[in-house]
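Please go over the structures that come below.
Both complexes below contain subunit A, partnered by subunit B and then by subunit C.
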Partner chain A sequence: MDIFALFDCIISPACLISQAAGGLKIGMLLFLVASGLTLVFGVLGVINFAHGALYMLGAYFSWQVMSVTGHFGLSVILGSLGVGIFGLLFERTLISRIYNAELLVQILLCYSVVLILDDLVMIIWGDEFLSSVGVPKVFQVPPLFIFDAIIPPFHLAIIGMSFIVGIILWFIMTKTRFGRLVRAAAVNPKMLEALGVNINLIRAGVFMLGSFLAGLGGALAASLSSVVSGMGNSILIESFIVTVIGGMGSISGAFLASLIIGMARSFGAVAMPLFTDGLMFLIMVLVLILRPQGLMGNKKQ
Partner chain B sequence: MKKLNKYSRREILKTSASTASVFALSTGFPTILKAENNIKIGVPTILSGRVAQLGISVSNALNMAVDNFNKSGGLDGRNIELIIRDSRAKPDEAARVCRNFINSDKVDAIINAEASGASFAVQEVIRESGTLCLHTVSETSRLTADPSIRAWNAFRFSRQGIHDAVGSARYAAKIIKEKGLKKWMSVNPDYAYGRDSDDTFFWALEKFSPGFEVLGKGWPKIFQPDYTEVITQIARKKPDAIYSSLWGGDLVSFIDQASLYGIFNNTQLFAINLADYTTMSAVKNLPKGLHSATRYVAAWPNTQDNRDYDNSYTNLYGDHPTNWSWETTVGIDYLISALKETGGTDNKKLAEAIKGKTRKSFMGVGDGNTVSMRDKDQTIIDYSIGWGTTIANDPYMTNIQAADWHTIEELEKEWLTDKGWL
Partner chain C sequence: MKFLKKDNFHRDAFIGIFVWFFLIIFYHIFPHPGIHDIIQKVFILGLFAMSLNILIGYLGLIAFGHAAFFAAGAYTLGLFLQSNIVTNLGGFSIPMAMILAIMISSALATFIGIICIRLKDIYFSFLTLAFQMLIYSIILALVDITGGDQGLMGGFPKPPFLGIDLGKPFDFYAFTIFISIITIVMLRQLIESPFGYGLRMIRDNSERPASLGFNNQKHKLIAFIIAGSIAGLAGSLQALLDVGAYPEWAFWAKSAEPLFMILLGGMHSFLGPLMGALIFEVLNDFVTANTRYYGLVLGLVILCFVLGLRKGLLDWILIKYYRK
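Right after this comes the complex of A and B.
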């Protein structure tokens, strides 16, 4: 561990800004995916191990739309919506049958879906990785220099886009009737049902929203990363770490934890490049010891 | 009681059984016998997940060679039968698949098309059983360089890390001289191959061009989707050159993401694994002037034999061969030649027929375009290693320079001595 390198970086505006912007980009992309996972767990009580596979589907759908239309915006929107619709079908046909099942059954079902989807995308799109969707033309410009720190404009766009999605999500969950019903469903679904609310509709809507967020994360990631079967596995692990650190079911917790993980990876690469993954797990362990319910989690959960 | 039929039930059954037996003997039995008589080759490889292209391009290469062999009459009428199974890139699964080949399928030989980790597991299985084994994918030098791991019945037909490292360093030293590249960084995948590649490259570079400085090293995980934290470090430290052994989709993502930072405007990239068609064609706007070793390109070696190989493969499968394809093709070519020479499948005789042999090959750069199976460590040498720079479209590589095998072997000796393996 090179603590001096980290210190030098923090006192240098160029390094500080560069690593912070990098951390922000990593964190915000992670937030999109992790917020969907924590939402599904918080409301439905399902640990969706297939969430990473939905992220992968978002990347493939986006790639497909891009190759047909050549329009980046359309590829992101249709790619994410496609995963949302897939999520709806997934919930209605399979997930809805295991709400009260044991954890092992949930894991088995989700894992089998992961294996099926991983093979299915290879059958449809081929076994070789696909090139990235690419950056839209408007962002194919030289990077910005801020205090000598290099920042690609497209990264700022991703950060901005993810931030707007976060605000919309916060607005939906706190200021709309749907959000109130979702929060109520998370606390006492039976009471909500007794009051005449269609709980199945709420559940399907939440799972669809969670899938949409995973798909959006995948579609945005596909703009910079090659698309390949199984690409959701690593993001799934990071999303679970975010969910544990932030608190199971807490979207604000997911936001905070995503930023922590993003910064840990970015600044961790300066001080301990061989231990950046370990650092994430270390933070998770510390949170579990000091605050088992997560930073913003409900103690009961 | 009056018989209703001319023949009794027992007679009918007896006649039917006899007829069936005669029919089976005249048609089915020879087929079974023929299948039993086949020369069976077991192939553990990766056919699923992110590296499925490895197993698929290996299978294609094998099928192409075996079809030709069988169509030309096989070995006195005995055909080669390939049994290709997926290990899912797991060492324990590769070992299990391999044991099944030996114990249940009774294979005559194994072509091990596994990545490095699983290859070590396969090596232990075949050492125990004495089955002839051809490694055609693993590039980790230790598999054949370390005498404690070698086995009399195992032969390496895949390129070797130390050979590539010397070839790379020699080429890099030339570019250092031309362009004065003093400050280096490296980005390598964080597993055995990446670390080996980093160690051997800088070890060899020190021999050819001492006095360079390494500003930092990035170790992204294999299949990592986001390289931002590594790239921001490169952008900040502004090295003159970067060495990388990232490969496949990981390398594509790294180049695409680093391009956004304008990294390659002022920094030379030496990416040893870039020049495979599947990788180069996947990079968005492949920057001009990136340096790479020629993994497999039709343009190198610049011979009609190589172009013919590329054409035959492409016509059959609609895609170019990969580095894994040529390695496997050379391996099966040696095995077929050994089968013809010995006239049977005795593993000891086959091993003797392969050991030390020199054969003409489309990838050969030895005298008369040959490759050789080096006697002392049973590893292939004199295969084509070239380095050049990228251009945006097919043939993707230009200014290709051949590595010198005399220099490679000289430095390899020094490296083996350093390791205590000579």
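Right after this comes the complex of A and C.
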């Protein structure tokens, strides 16, 4: 561990700003994916181990749309919508059977879907790395220099976009009728059903929204890095960390935790490059020991 | 706390010795290295899965970080056999290394267990997962000792002891199965002892035993430590088999393997996980010989078990034929 490197970075504006921007980018992309996971858990009570596979599907779908149409915006929108529809089918055919099942059954069902999807994308798209979609033309401009820190404008666009998605999500959950129904379904689904609300519709809608968010994260990631089978595994674990740290089911908690993890990754890479992942797990362990319900979770136990 | 049940010990020990002899005769009747390899792997992975099933089947705790102890056992054995202490110990380095591997993994299980058993349900699962990934990260970070992502470098010697040379395939086969069977017979005693029934009581209703003055946490911790030690033993056997130790053994996907075996074989019958290991290994061998898409086949098989059979194969057989 190199405390001095970290110290040098913090006192230098260039390093501080570029690392902070990097952390923000990682954190915001993570928030997109993790918010879907925490939403699905909060409302449906299902630990969706296949969330990372949905992220991977988003990357493949947008890569496919990009290679056919060559339009970046279209590839992101169609890619993430496609994953949303896939999520709807997945919920209706498989997930809806295990709402009241044991935790082990939920984990194994989702994990079997991960195994199947990882191989299916290899059958369809081949097992080679697909080169990334690339940055859209609008953003192929020289990077910004803020206090000598080099910041690609595309990263800023991703941060801004994730921010907007977060605000839309917050608006849907707190201000709309659908959001109120979803929150009610999380607290007492039976009562909601007795009141004449179609609970299956709510569940399907929530799972579709969660899948859409995972797909959106994957579609954006496809423009930054190459696309490969199994790419969802590391983001799955990171999303779990975010979900646990923020509080399971809490979207605002997921936002806060994504920022923490993004910064930990970015600055951790300066201080202890070999132990960046370990740092995240250390934070997760500490939160679970000191505050098991998460930073912004409700104490249910 | 009583850990022994004397009634069936002789019967179990007799069956164990019989199975061991049978498998040794089997070795000579079918001199096919592929089959021998599968059998010894089934026992190693079976031990791993059975140790996890103490927590899942008998205690109802979904531990998702069990591979941490498997890797701890493997790395301890490997590092000890690589070190200079081997030459000082002469012929007894392998048994010593295995004992040390079990001790280190039980120490690790004690440490992790004390912290984890305070949590319930999904929080317990996540904390075990986090600890396991922390250990994975530590293994990757300590490149000088563990070899980082390349695994333990340069292998290690396997000095013979008591006339057993684990470098020879037959000796390894007989030794691995012998150790596994002893452990399984001992585990059977534990599971059928008052202590074992205490675990089932905690699983079914944790408040009732607590109100009877039963120390739930102590029982959970002891079960966790025993499970961790047996996983460490399985890890040390795996390290002896592969003459190495790899960081993937501490990765979370490795913890999913015994879950599959428990699902395939059955969590409510004692030998279920061992049977699951057999199904898992045979499937692995058969599928990888025929197609590259192992995950696809395994995923579909698991899906059939989860949604179709809804229980492990041995559970299903026992319910169908014996417990009507």
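To be clear about the criterion, the second predicted complex is superposed on the first by the 300 of 301 C-alpha atoms of A that agree within 3 Å, B and C clash if a C-alpha of one lies under 4 Å from a C-alpha of the other, contacts with A are read in each partner's own complex, and residues count from 1 in each chain.
What we mean here is this: a contact is a pair of C-beta atoms (placed from the backbone, for glycine too) under 8 Å apart; a residue touches a chain by one contact, two chains touch by 3 or more.
Computed from a predicted structure; not experimentally measured.
Colleague: When the two structures are overlaid on chain A, which partner does A:15 contact: first (subunit B), second (subunit C), both, or neither?
Modeller: A:15 contacts subunit B only, not subunit C.
Colleague: Between subunit B (first) and subunit C (second), which does A:28 come into contact with in this model arrangement: first, second, both, or neither?
Modeller: neither
Colleague: Quick one: is A:40 in contact with subunit B, with subunit C, with both, or with neither? Answer first, second, both or neither.
Modeller: neither
Colleague: For A:248, using the defined touch cut-off, is the partner it touches subunit B, subunit C, both, or neither? Pick first, second, both or neither.
Modeller: second
Colleague: Quick check for you: in the superposed arrangement, does A:56 touch first (subunit B), second (subunit C), both or neither?
Modeller: The answer is neither, since A:56 touches no partner chain.
Colleague: Which holds for A:274: it touches subunit B only (first), subunit C only (second), both, or neither?
Modeller: both
Colleague: Please indicate which partner A:119 is in contact with in the superposed arrangement: first for subunit B, second for subunit C, both, or neither.
Modeller: After superposition on chain A, A:119 lies in contact with both partners, subunit B and subunit C.
Colleague: Could you list which residues of subunit A make contact with subunit B in one structure and with subunit C in the other?
Modeller: 118-119, 122, 233, 274, 277
Colleague: If you look only at subunit A, which of its residues touch subunit C in the complex?
Modeller: 47, 94, 97-98, 103-105, 107-109, 111-116, 118-120, 122-123, 233, 237, 240-241, 244, 248, 272, 274-275, 277-278, 281-282, 284-285, 288-289, 292, 301
Colleague: Along subunit B, where are the residues that touch subunit A in the complex?
Modeller: 48-50, 52-53, 56, 190, 216-219, 221, 223-226, 228-233, 235-236, 248-250, 252-253, 256-257, 260-262, 278, 281-284
Colleague: In the complex, go through subunit C and note every residue touching subunit A.
Modeller: Answer in residue numbers: 56, 62, 64, 115, 119-123, 125-127, 129-131, 133-134, 136-138, 140-141, 143, 148, 252-253, 256, 259-260, 263, 267, 293-296, 298-300, 302-303, 306-307.
Colleague: Give the list of subunit A residues in touch with subunit B in this complex.
Modeller: 14-15, 18-19, 21-23, 25-26, 29, 118-119, 122, 127-132, 134-135, 142-143, 149-150, 152, 154-155, 221, 224-226, 228-231, 233-235, 265-266, 268-270, 273-274, 276-277
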